[in-house]
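The data blocks that follow each hold one structure.
You will see subunit A twice below: alongside subunit B first, and alongside subunit C after that.
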Partner chain A sequence: MISLQRASLRYGDILGLSPTSFDLGPGGGITGLLGPNGAGKSSLIQLLCGLLPPSGGEVRVFGEAPYRNPLVLARLGLVPEGDRFPGGMRGDRWLRMMGQLSGLQGRALDLALQRALAITGMESRAGQPFTSMSKGMRQRVRLAQALLHEPRLLILDEPFNGLDPEARLQLMDLLRMLAEGGVRIIVSSHILGEVAQLTDRILLLFRGRLLAEGSVPEIRELLDRHPVELRVTAESAAAVARWAVEQDELVALRMEDGGAVLAVRNPRTFLPRLQEAVVEGRLPLAGLDPLDLNLDAVFQFLTKDNQ
Partner chain B sequence: MTSRALSALATVRAVALGYAPRVLQARGWVLCALAVLPVAFSFVGLMIGRQFGSFDSRLALHLFHGVLAALVLPIMVLVAAPGGIREDMEQRTLPLILVRPVPVWSLPFAKGLIWFAWGGCWLAAAGLGLVLLGADPGSAARQALALVLAFWAELAFMSLLVLVFKRGTLWGALVLFGWESILRVLPATLQRFTFLHHIESISGSRGGMVADWEILAQEQIASPVLVSVLALLLFGAACWALCGWKLQVTPVGLAGRDAEG
Partner chain C sequence: MPIYAPSLPPRPEPGQGLPPALVIFRFDLRRVLRLKLGRFFGFVFLAILLILVAQLYVNHLMASKAALADIRKATEAFLPQGARFQAGLLNPFMITILWLQVALVGGGLVARDTLYRIRPLLYAHPVTPLDYLGAKALFAAGLPLAVMLPFILLPWGLSLAIAGLHGPVWPTAPLYLLPAAIAISALMGAVTLGASSLASSPKAGFGWALGILLGSSALGGVASGAFSDARWMALGLGTLSKAWPRLILGLQTEQGWIPVLLGTGFHLALWLTIAVRRTRPSEATI
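Up next, the complex of A and B:
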C-alpha cells in the first residue's frame, strides 16, 4: 500500500526528511509514527498524503505517486494537527462541501455525512459554528471530514494533542474499530505510551531520519542495546569515574577536564541509577549532556513513556 | 468509496456554494456598505437639499467617477481579495482541500467567485441607484456594467498579487491608487493599461476634463465600448488563469503557504 524508496524532503536548505525507505503492505492495521517534535513526522505525512512532492527518491501510495494525484487522494483521508477551520462556518455545511470535493453527491453524500457523524458521535452537534465547538468536538469534525469518502488509508497527525483522557480513549477505540474494518491507519505522535496503546508497529523518526522500524518491544530493545555516550560534568572527574566503573552498563569511559564521557548500554536502567546516586550524594553531578542523536531519542522515550 | 477525480466545474460549484455563507459575515457587509452607502447618503442629502431648493444635476456623474470608480471600487477589491484563496492559506485550511481529488488550478477562481458575485451585485445596485440621483437610466446601466466588469478584472488582478507576493495587498494598493491616479498624464498608449480608462470608455463619460493649468495632462483617448468590455473580461480571466497556474505549480504543505518540518 505504501512504499518509500530513499524518499527525502527539503525545505530550501533545511532537510525535513533524510532519504527514507520502508514498505507498508495492504490491509488494515495501525502503524505508529513516533518521534519528538521536529523529527520529520509531518514531513513524512506530507509526502504520503501528496501535499508535497519528494525532493529525492520515490513515494508510492496505492502503487502511484501521491503528489496531487486524484487516484490516490480519492482513497486517502488526512486528519492534520491543530485547529484548521474556516472562520465563521458551520460544521455540517463545511463537511458537506468536503464530501462534495471528495466526489460525493446526492443521496450518497447524505448517507456519507450521516455515517461519518455517527462514527464520530457528532450527529446532533455538527450544526454548530466551529467557534462555538469545544476542542474535542472540532477534533471529531476533523476526523469526520477524513472519513466521509471511506478512505482505505487514514493518516492522523498528532490526533491526541489537547484531548482529555476520555476523548483520547474514545478516539483510540474508534481507530481500532476502523483498522479492524480494513482501513490502514497511520498515527503520528511524540508520546510512546499513546502509540503503544494503539499499535505494536512503529516507525521511529528522529531529526529527519528513520531510526528504527518494528514493534514497541523491538524498538525498546534496540535502543537499550545501542551504546550511547553521555558527558557527565562534575566537580571531580575522578569521583564520576569511580562511580561509573561499578556500573554493569558501562562500555567505555573517557576522562575530560571537569568530567567524563561515559559510553553505556541500556540507558533505561542506567539513568535511574545515575539519578539515585546524585540524589544520595554519591555522584557530584553538575551537568549531563547526550553526545549522540540516539540518546536524545532515548531521553524522549524515557521521559514521555513515564508520564 | 469514490475513486474518481472531480471536474473543475463540480469543484467550483462545491467550493462556491460551500463558502457562500462567508459573504454574510463582516467582510461581506463591509463590501455591501462600501458600494451602497455613498449612493444612499447622496440620495438622502439630495432629498434634504431639494427641500432647500438646491439641486446639482452633475452629482450622479461626480459620484460615479470621483467616488465609486476611483475610490470605492479599489477599496472593495482590497477588502475582497484576501477573502479568496489567500484566506485558506492563512487559516491553514487549504491542505484539507488539497488532499481531495480536485483540480487544484480551479480553486482560486472558485473561492474568488463568491466575492465577485456578492460585490458585483452591490456594485450593480449602486450603479443603477445613480438613477435616483438624476442619472438617466441608460447611463446608469452602462455605469453599473462598467463597475461590475472593472470589479471582475481588479479582483482577479488583486487575487493574483496576493497569491504571488507576500505583500500583494500593498502592491495592489499602489497600482489601484498610484498608477490609476496618473491616468491623465499618461500617454495615449499607456492610458489603455488602466482600469479607469476602460471604466470611462464603457460608461461613456469621463471623470473630468483636462484643465488649462494641467500642463502635464495628455490627450484623453477613448476605446470602443466592446473593446473595453472585452479587455476587462479577458484581463480578469487571464488573471484567474494565472492564479490557478500559480497554485497548481506551488507545493503547499500543512503550514499553508510555507511548508513546515
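Up next, the complex of A and C:
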C-alpha cells in the first residue's frame, strides 16, 4: 500500500526528511510514527498525502506517486494536527463541503455523512458551531471528515494532543475499530505510551531520519537499552544506595541530599523490584521521580547508537 | 468488526460529483450570506440604488410633463442625460463603498484558510490549486459584479419601461457599462485575492486590501506629481475604477485608454501572481 524508496524532502536548504525507505503492505492495521517535534513526522505525512513532491527518491501510495494525484487522494483521509476552526461555523456544514470535495453529493453525501457521524459518535452534535464543541468533539468531527469518502488509508497527525484521558481512550477504540474494518491507519505522535497502546508497528523518526522500524516489543527492547534516570528520595540515602548497588540494572548512582539519582537499564524489570522492596520495608522510599523518561532523551540515546 | 453496512452506496470514483471549485465557491458564498456584514452593505447599496432610481424617475417626469418645463430647464444642469449620466450609474461613491465591502469580505477569503490551516486539508482531497484559486477568484470578482449589476440593469429596465427608447438611460447603456463593471470587478477581485494571500488573518487581509487601495492611489499621485503627468494616476486603483465607465462611454479622462489599460494589466498581473504563488500546495504545509 505504501512504499518509500530513499524518499527525501527538503525545504530549501533545510532537510525535512533524509532518504528513507520502508514498505507497508495492504490491509488494515495501525502504524505509529514516533518521534519528537522536528523529527520529520509531518514531512513524511506531507509526502504520503501528496501535499509535496519528494525532493529525491520515490514515494508510492496505492502503487502510484501521490503528489497531486486524484487517484490516490480519493482513497486517503487526512486528519491534520491543530484545533483551529473558523468561529461560528457549524460542524455539519463543514463536513458537507468536505464530502462534496471528495465527489459525494445528494443522497450519497447524506448517507456518507450519517455513517461518518455514527462511527465517530457525533450524530446528534454535528449541528453545533465549532466554538461550542469540546476539543474531543472537534477531533471527532475532524476524523468524520476524513472518513466520509471511505478511505483505505487514514493518516492522523498528533491526534491525541490536548485530549483528556477519556477522549483519548475513545479515540483509540475508534481507530482500532476502523483498523479491524480494513483501513490502514498511520498515527503520528511524540508520546511513546500513546503509540505503544495503539499500534502494532512503529516507525521511529529523529531529526529527519528513520532510526528504527518494527513491532512495539522490538522497539521497546531497543528503548530498554537506554538508561533511565530516576530520583529516589528516602529517609536514608545510604539505604537507597545499599539496595541499588545490588541490582543488575544499575548503571550509575549519584548521592543527593535526602536520596539518590539512579541510572538504570530495563526500567520495566527494575521498577517492579523497587516496588517489592518498598512493600517489604527494605527500602524507606519517600518519593520517585523519573528524570529523563521523555522521548527526546531516548532518541538522543538511539542517535548515539546509530553514529 | 465490519464498519460498512452492505446497503450503503459505493465510495465515489475520482471525477464524480460537483467540480471542486464550485463547491468551495458555494461554501464561501453561503458563509458570507450568513454574515451580518452582508445585511449592512445590502442596506447601503439598496439606499444608493433607490436614490438613483428616484433621480431617474424625477428626470423622466421633468422631461415628459409640459407643466414642469421651467423646472426642467433648471434641473438640466444637474440631471443631464448624456454619456456622463450613463457613466454616473456606476457612480464613484458607490464604487468606493464597494471597494470597502470587497476589502472586508475578500480580505478574508484566503487568509481565513491560512489562519485555520484549511488549505492542506483541501489539497489532501482531489482539489488542485487551480480549483482553489479559481473558486476564490470567482467569488472575489463575482461579488462586486453582482452588486454592480442592479445599478446597471434596474435603471436601464425602468427607463425602458417608463419612457421607451427615449428614456434617460440609453437602450444600449448595458453594452457600455457591463464591460466597465467586469473590468472593475476583475481589479477588485485580483487585489483582494492578492491581499488576502499575503495576510495571515482576515483582519490583516482587510488591512492589506485597504493598504493596497490607498497606497496605489498615493503612489499614482506621487508619480504624477513627480513627472508632472496626470497619466501616472492610472497606477491608482481608485482612479482606474472610476476611469473605466467614462472611457468606455467615450468621455474625456485625464489618463486615456493606454495608461488605464496598462495600469489595469499591471495590477491584475501583480496581484494574481502573488495569489498563485501564495496558494501553492508547498505553501500549505501541515
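Everything below uses one rule, namely that the second predicted complex is superposed on the first by the 219 of 307 C-alpha atoms of A that agree within 3 Å, B and C clash if a C-alpha of one lies under 4 Å from a C-alpha of the other, contacts with A are read in each partner's own complex, and residues count from 1 in each chain.
Heads up, the rule we're going with is that a contact is a pair of C-beta atoms (placed from the backbone, for glycine too) under 8 Å apart; a residue touches a chain by one contact, two chains touch by 3 or more.
These numbers come from a predicted model, not from an experiment.
K.L.:
Mind checking subunit B and subunit C on superposed subunit A, clash or fit?
P.N.:
Pair status: clash.
K.L.:
Taking the superposition as given, does A:G40 touch the first partner, subunit B, the second, subunit C, both, or neither?
P.N.:
first
K.L.:
Touching A:R6 in the superposition: subunit B (first), subunit C (second), both, neither?
P.N.:
In the superposition, A:R6 contacts neither subunit B nor subunit C.
K.L.:
Have a look at where A:L76 lands relative to subunit B and subunit C in the superposition and call it first, second, both or neither.
P.N.:
Touch partners of A:L76: subunit B and subunit C.
K.L.:
Return first, second, both or neither, reflecting whether A:L104 touches subunit B, subunit C, both chains, or no partner chain.
P.N.:
both
K.L.:
Where does A:K135 make contact in the superposed view: on subunit B (first), on subunit C (second), on both, or on neither?
P.N.:
Neither partner.
K.L.:
Considering only the touch criterion stated at the top, classify A:R242 as touching first (subunit B), second (subunit C), both, or neither.
P.N.:
A:R242: touches no partner chain.
K.L.:
Is A:R84 in contact with subunit B, with subunit C, with both, or with neither (first, second, both, neither)?
P.N.:
both
K.L.:
Touching A:G208, do we find subunit B (first), subunit C (second), both, or neither?
P.N.:
first
K.L.:
May I ask you to decide whether A:R254 touches subunit B, subunit C, both, or neither, giving the answer as first, second, both or neither?
P.N.:
In the superposition, A:R254 contacts neither subunit B nor subunit C.
K.L.:
Per the definitions at the top, what is the overlap between the subunit A residues touching subunit B and those touching subunit C?
P.N.:
42, 45-46, 49-52, 68, 70-71, 73-74, 76-78, 80-82, 84-86, 89, 93, 97-98, 100-104, 145, 149-150, 157
K.L.:
Would you mind writing out the residues of subunit C in touch with subunit A in their complex?
P.N.:
Counting only subunit C, the residues touching subunit A are 1-5, 8-9, 11-18, 20, 23-24, 27, 30-31, 112, 115-117, 120-128, 281-282, 284-286.
K.L.:
Can you name the residues of subunit B that touch subunit A in the complex?
P.N.:
Checking each residue of subunit B against subunit A gives 1-6, 10-11, 13-15, 17-19, 21-22, 25, 87-88, 91-93, 95-102, 104, 251-254, 258-261.
K.L.:
Spell out the part of subunit A that touches subunit B in their complex, as residue ranges.
P.N.:
Against subunit B, the touching part of subunit A is residues 11, 14, 16, 38, 40, 42-43, 45-46, 49-53, 67-68, 70-71, 73-78, 80-82, 84-90, 93-94, 96-98, 100-104, 145, 149-152, 157, 208.
K.L.:
Please give the residue numbers of subunit A that touch subunit C in the complex, ascending.
P.N.:
These residues of subunit A touch subunit C: 42, 45-46, 49-52, 68, 70-71, 73-74, 76-78, 80-82, 84-86, 89, 93, 97-98, 100-105, 107-108, 111-112, 115, 119, 145, 149-150, 157, 177-178, 180-181.
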